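In what comes next, subunit A is part of two complexes: it sits with subunit B in the first one and with subunit C in the second one.
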Partner chain A sequence: MTGRVAGQVDASPPGAAGRAASRALVARYSTLAALVMLILFNVAYTNHFVSVQTLNVNLTQVATIVIVGVGMTLVIATAGIDLSVGSLMAIAGALAPIIFLGKVVPIGEVHVAVAAAMILSVAVAGALGWFNGWLITRFSIQPIIATLVLFIAGRGIAQVMTNGNLQPFKLDAFQWIGLGRWLGIPAQVVVMAAMVAAAAWTLRRSLFGRQILAVGGNERAARLSGVPVARVKHWVYGISGLCSGIAGLVVIAINSSSDANLVGLGMELDAIAAVAVGGTLLSGGRATIVGTLIGALFIQLVRYTLLANGIPDDVSKLVKAALIVAAVWLQGQGRG
Partner chain B sequence: MTLSAIPASAPAPLLSMRAIGKAFAGVTALDGASLEVAQGEVHALIGENGAGKSTMIKILTGYLARDAGEIAFEGAPFEARSPQDAQAKGISTIYQEINLVPFRSVTENICMGRESRRYGLLNWPAMHAQARALLARFKIDIDVRQPLNRFNTATQQMVAIARAIGFKAKLVIMDEPTSSLDEAEVEVLFDVIRQLKRAGVSVIFVSHKLDELYAVCDRVTIMRDGKTVKTAQLGGITKLELVASMLGRALSQVAKSATAFGDRHGRIGEPVLTATHLKAARKVHDVSFAVRRGEIAGFAGLLGAGRTETARMVFGADRMHSGSLTFDGVALAPRQPLDAIRRGIGFSSEDRKLEGIIPDMSVSENLTLALMPQLARAGILDEARQRAVVEKFIARLGIKCSGPEQRIRELSGGNQQKVLLARWLAMNPKLLILDEPTRGIDVGAKAEIQGLIKELADQGLAVLMISSELEEVLEGSDRIFVLREGRSVAELSHDEASEDAVMAVMAHGAAVEAARMPE
Partner chain C sequence: MRQASLIAVLARQGVLIALVLLILFGWLRYDNFLGPFNISTVLRYNSMFALVALGMCFVIMTGGIDLSVGGTAALGSVVAALFSPYGTLAGTVGGVAAGLCVGAANGFVIVRLRILPFITTLAAMLAASGAALLLAGDQSVSVSYESGFTDLGQGDVLGIPIPAVIAAAAYVVGSIVLNLTSTGRTVLAIGGNEDASRLMGLPVDRVKFLVYVASGGLSGLAGVVLASQFGAGQPVEGVGWELFAIASVVVGGTVLTGGIGSVGATLAGVLLLGLIFNVLNFENGLGWISLSAYWQSVIRGIFLLFVVILQSRLTLRDEAT
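Moving on to the complex of A and B:
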């Protein structure tokens, strides 16, 4: 009863509103502002920064994080988390070469083989994501635990599939997704941009997007208002799996080989960091796909800046962590 | 011992709380409340939601600081800084859930977290002695080296309580200790309470189940609206008087305003919802009722009577154990709220914050939450239609907000409630279930919402209303179903339902002259 009495006082005192609004503004654009400042710093101090090549290097490196981050943003918007993304990347990355190298069924036509490999491996990753959603909704397991299952087991599955061996290949039709260009833009950047646009639109304009935010904002209220909570959760984890699968294909295409031990290693943390820095609430209910893009670009550029200026990678990890803390703290200022 | 020289008069109470005041951000929770508990007494503390029982106890145990008043314990001023501090000073609180390790020994269960050590190892002889000594305090003599699950439930329960109470407790607070227990377990608990009493320990027993009070308590203090209404010997007060005091009604007071209900009756049509013998796993045992077209049916009952639980079952929010529902002439068996919503049922929860609003979303998004699927074409939201609906309801219900895009958390409680009502009205339901529709909102908004509900019923909507304010149920309902301890015990028409009649049924469960049993 006390909580209820205290809870009644929800109108902010006058005057505080303006301050809260300006703080919200700071929070909203702090990451973008930091990104712009970082770019300006590089323009001034880093040699050869203003070049198409630099742009492409950074975008190709960030693409997989953003692709995974798109799914992660949707998951986090429902107040969940997905730790299995890196392992699902490894599974998709292990499965695709098995198919297009004809290890299961020899396929004569190379484009058919590549298409089958892509579709099947991404679908498997999506199905495993769906499985995460099933664990979470069917047994009411906390997402961090439920997805820990595939975080651990998934990489094991990938290693078993490949007997722990590296799978080298050279197949331009497949590797287009990591090495190809479309109008001079790296293919994976095109994929990334398309996914960001689709997800951002979904979140803002579609019934599904609204349901995601409702579930994250107040799951009990959402359920009582007829939002199919379990279905929504199945879908977001499934989509996160699909995104992971696509990212796994990009990684192996770039590497011309698939190594189940390394594909997607640590990706869950990079993706979560990008989402958090981008301004999506980890407690759910508020999410921004474009924010995740900006967050990932920011983290990427921090790393690039430090490397380009001769600071060793170990140190740059510390700086990266510190900047993430700062960015998330700044956003915290906007919450009231 | 100079005290013993004083001629025996009434002994000084063990605990005395006087003129306690407490406000939360300007809202008064306690206003001059008092409570006295004698040595070795089992003292009941009762009151409806918001009466101030919990606040009183939280102040006593140091969980909250009081704004005014005095507390004396054992004749000396008492101040607890935290629940742990209160326990150290002799006041323990028992919570519903008691965690024990069944397959470990009694000693281990009792000494968990405060083990004696010698040379870095456990000092078993000392711990066994400690456990025996503690149990002896409650007149229990068992082999403390045996695993706990060798003993019967009563003993296990006693061990748990002994552990919680410790050596020092002179006063034990039990806050609704029976709400999650079955009948046999309740009996065990009562034995434990009697044993505590024999050991000279006082108990404050908070409950809303009247029968239990008579079974185990000596005296009762009744609270209402942050004040102490009455303290009495349970032997000298009837259940009816208890109910009347809790609700703040004089027994003879039958001042009921028959506001323009006569003309309503003609518009009441066929039953929309018929519920027979509903039963849930807990709290609802046998509830039957019906709501007709254009009718406001009210649920009356004390806290814990099963009103909310019944409503939630109808809506598919909680599982129905047995019984049957007919909605619009067709059987209804909702497995989830969505099933009920699709049939045209709306449900507004008693807890606006926890189950109503989505705080980070806008007025517009909150308002259209249930309607969303209908506002979408091929999964894409139709913004123009959404805006039209939202603007219509903001105007119709007089929702005060800066605009549809304002976040709902920034609105006052009354306006939030209007948005939630609009959420259901927007989908044009046949039955609207309103659980405490005016709780925690200001007087003006309350009247508006009550007026709106009547207006909706006039237009043919069937409404099922739950309110812990008896007055609201009596004045706002065409028919009243009285629930008592999970059973529907009476059905009264608006004209039959005097406060006396309803309170009598709430207290005794038996039908009195004015009340008929359903069916």
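Moving on to the complex of A and C:
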């Protein structure tokens, strides 16, 4: 910052630029700063906060939101939205046990059965995401409506598949994805980290990533400059479907059961909130995967902090609502 | 040319035609489908969704969206239940006032802080359902049965369920406001082109604020009906109402980018989606097939899919000509 006094009338370019830059800086790092402050607050006031257990609890709880949020970030980067993620989680979560419990085709070897279940259920979720992309590009339907179709029908499909019944199971060969550990780190946290890293690299460094941002920034311009807009959109919705499928598997593995009525319920809103708080523009063209991770961690830690200090979950909803609005408002200031 | 206008009429009246066909189908196929009991049950239950969808219709016509309607209805039902010992009027006013507050907060944040309606109302949904749970102490709140509050949801006037009368009145008012007042024309103008409306000197901010307030108030009213109909304020009810309402509005032919819309077609959309469940029940009653209740969301989804594809084909055709 320059040393100018606030009351100065002539806003010469360097001072204005400095202010604009500092506002952009505030906008960019406000969520991260808030996260750091929240952590410091907890270190000071919450008992037993600095422990591996606390870290693991928070990370395992946030993992599914981040996994879905990765796909959602890519979708929102193209100026779209995906409301179907929760329902796709339910479909993947309903399909996997049907396969590995051998309800349709009995499979003798347990590892083969589990591998088939995981691959097929995630692939089905991905294919349904691809279907979203097809609706959006082929018929020029708005993303919010196109994905509303599967939001409504998808959970119904999962419920019809299981007849609404709970599918309990106990199968270590499958449940590692929700309960296992790798070098002491919960497996879904490893999955989450790998997906965040892969998506962040894709968005920043790869041609596909540039194309995503180009489509979100200005679709017409992207089309005119030769970006395969339809293909890019198919892929982002397909990827969002794949991410939802994986998250669905994690959730049922943690619960040791699959309940089509509950798996992924309300996930679309959690994921969108994480993306928005993380600093991705909902109007497309600017996106940050790491921001989504920070946004999800921030929302999770707010909830944890309130709970750990004896404040009921209902109040934390109110606080969460205020924080989402505040975070998005702050980011808007940077562009003012 | 004549054929093109026929298709346009079909598109505009499609939901009405589908509704009439579905009713005819039910009337011919099932005994008692048009019996007084069934009609009154369907109207009583769906009037809550009709109220919510009416507010949503206005919001969507301005090009916005309101995701908070379900949470607001839950909050309205809890507040109404808490006020119900003081009489029907107190319960109703309390529930509607709670909804108006949520709507005013939405409108303020969207108009003054310029945050996207999607995010604002998403946050409002969290806040409203949190407030509902907090007020209710995490359980449903029984309404007072002495004060006559339950008549509002369970009683009849001239054989018509009171909730249906309330909803019908709301739609008449909504239709008048949309078609005969300058506020209504401004709603459509904003949805058509907000910048142009602003340049023309229309009170864009005020009307946008008002549609969110109206949506909140109608959701609160739906909550009042919910509480009196089921005898309890239900803080966890209302999940997914927003998307059901959006689906009804879209099936009714209101375009999501705003600027075009019809109040009557929205009501037809609500009844169409509501009757699917009813027809499913009757079909199961015949015993030929047995489809679980879960099929209703699948069928609703397919309906929505069909309508949006049809609409997009027609708009593409319009743009081509």
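Rule of thumb we're sticking to: the second predicted complex is superposed on the first by the 320 of 336 C-alpha atoms of A that agree within 3 Å, B and C clash if a C-alpha of one lies under 4 Å from a C-alpha of the other, contacts with A are read in each partner's own complex, and residues count from 1 in each chain.
One rule holds for everything that comes next: a contact is a pair of C-beta atoms (placed from the backbone, for glycine too) under 8 Å apart; a residue touches a chain by one contact, two chains touch by 3 or more.
All values reported here derive from a predicted model rather than from experimental measurement.
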Partner chain(s) touched by A:Pro228 [first = subunit B, second = subunit C, both, neither]: first
Which partner reaches more residues of subunit A (counting touched residues only), subunit B or subunit C: C
First, second, both or neither for A:Arg220, with subunit B first and subunit C second: first
Which of subunit B and subunit C A:His48 touches, first, second, both or neither: neither
First, second, both or neither for A:Leu318, with subunit B first and subunit C second: second
Which of subunit B and subunit C A:Lys170 touches, first, second, both or neither: neither
Overlapping contact positions on subunit A, where the subunit C interface meets the subunit B interface: none
In the complex, subunit B residues that touch subunit A: 24-27, 29, 49-55, 58, 64, 315, 317, 336-338, 341-342, 347, 349, 353-361, 365, 369-370, 372-373, 375-376, 379-381, 383, 409-413, 416, 423, 439-440
Complex contact set, residues of subunit A against subunit B: 1-2, 4-12, 205-208, 210-211, 213-214, 217-218, 220-228, 281, 285-286
Subunit A-touching residues of subunit C, taken from the complex the two chains share: 65, 67, 109, 113-116, 118-120, 122-127, 129-131, 133-134, 138, 239, 243-244, 246-247, 250, 256-257, 292, 294-302, 304-305, 308-309, 312-313, 315-316
Residues of subunit A defined as touching subunit C within the complex: 81, 83, 135, 139-142, 144-146, 148-157, 159-160, 163-164, 265-266, 269, 272-273, 276, 282-283, 312-318, 320-322, 324-325, 328-329, 332
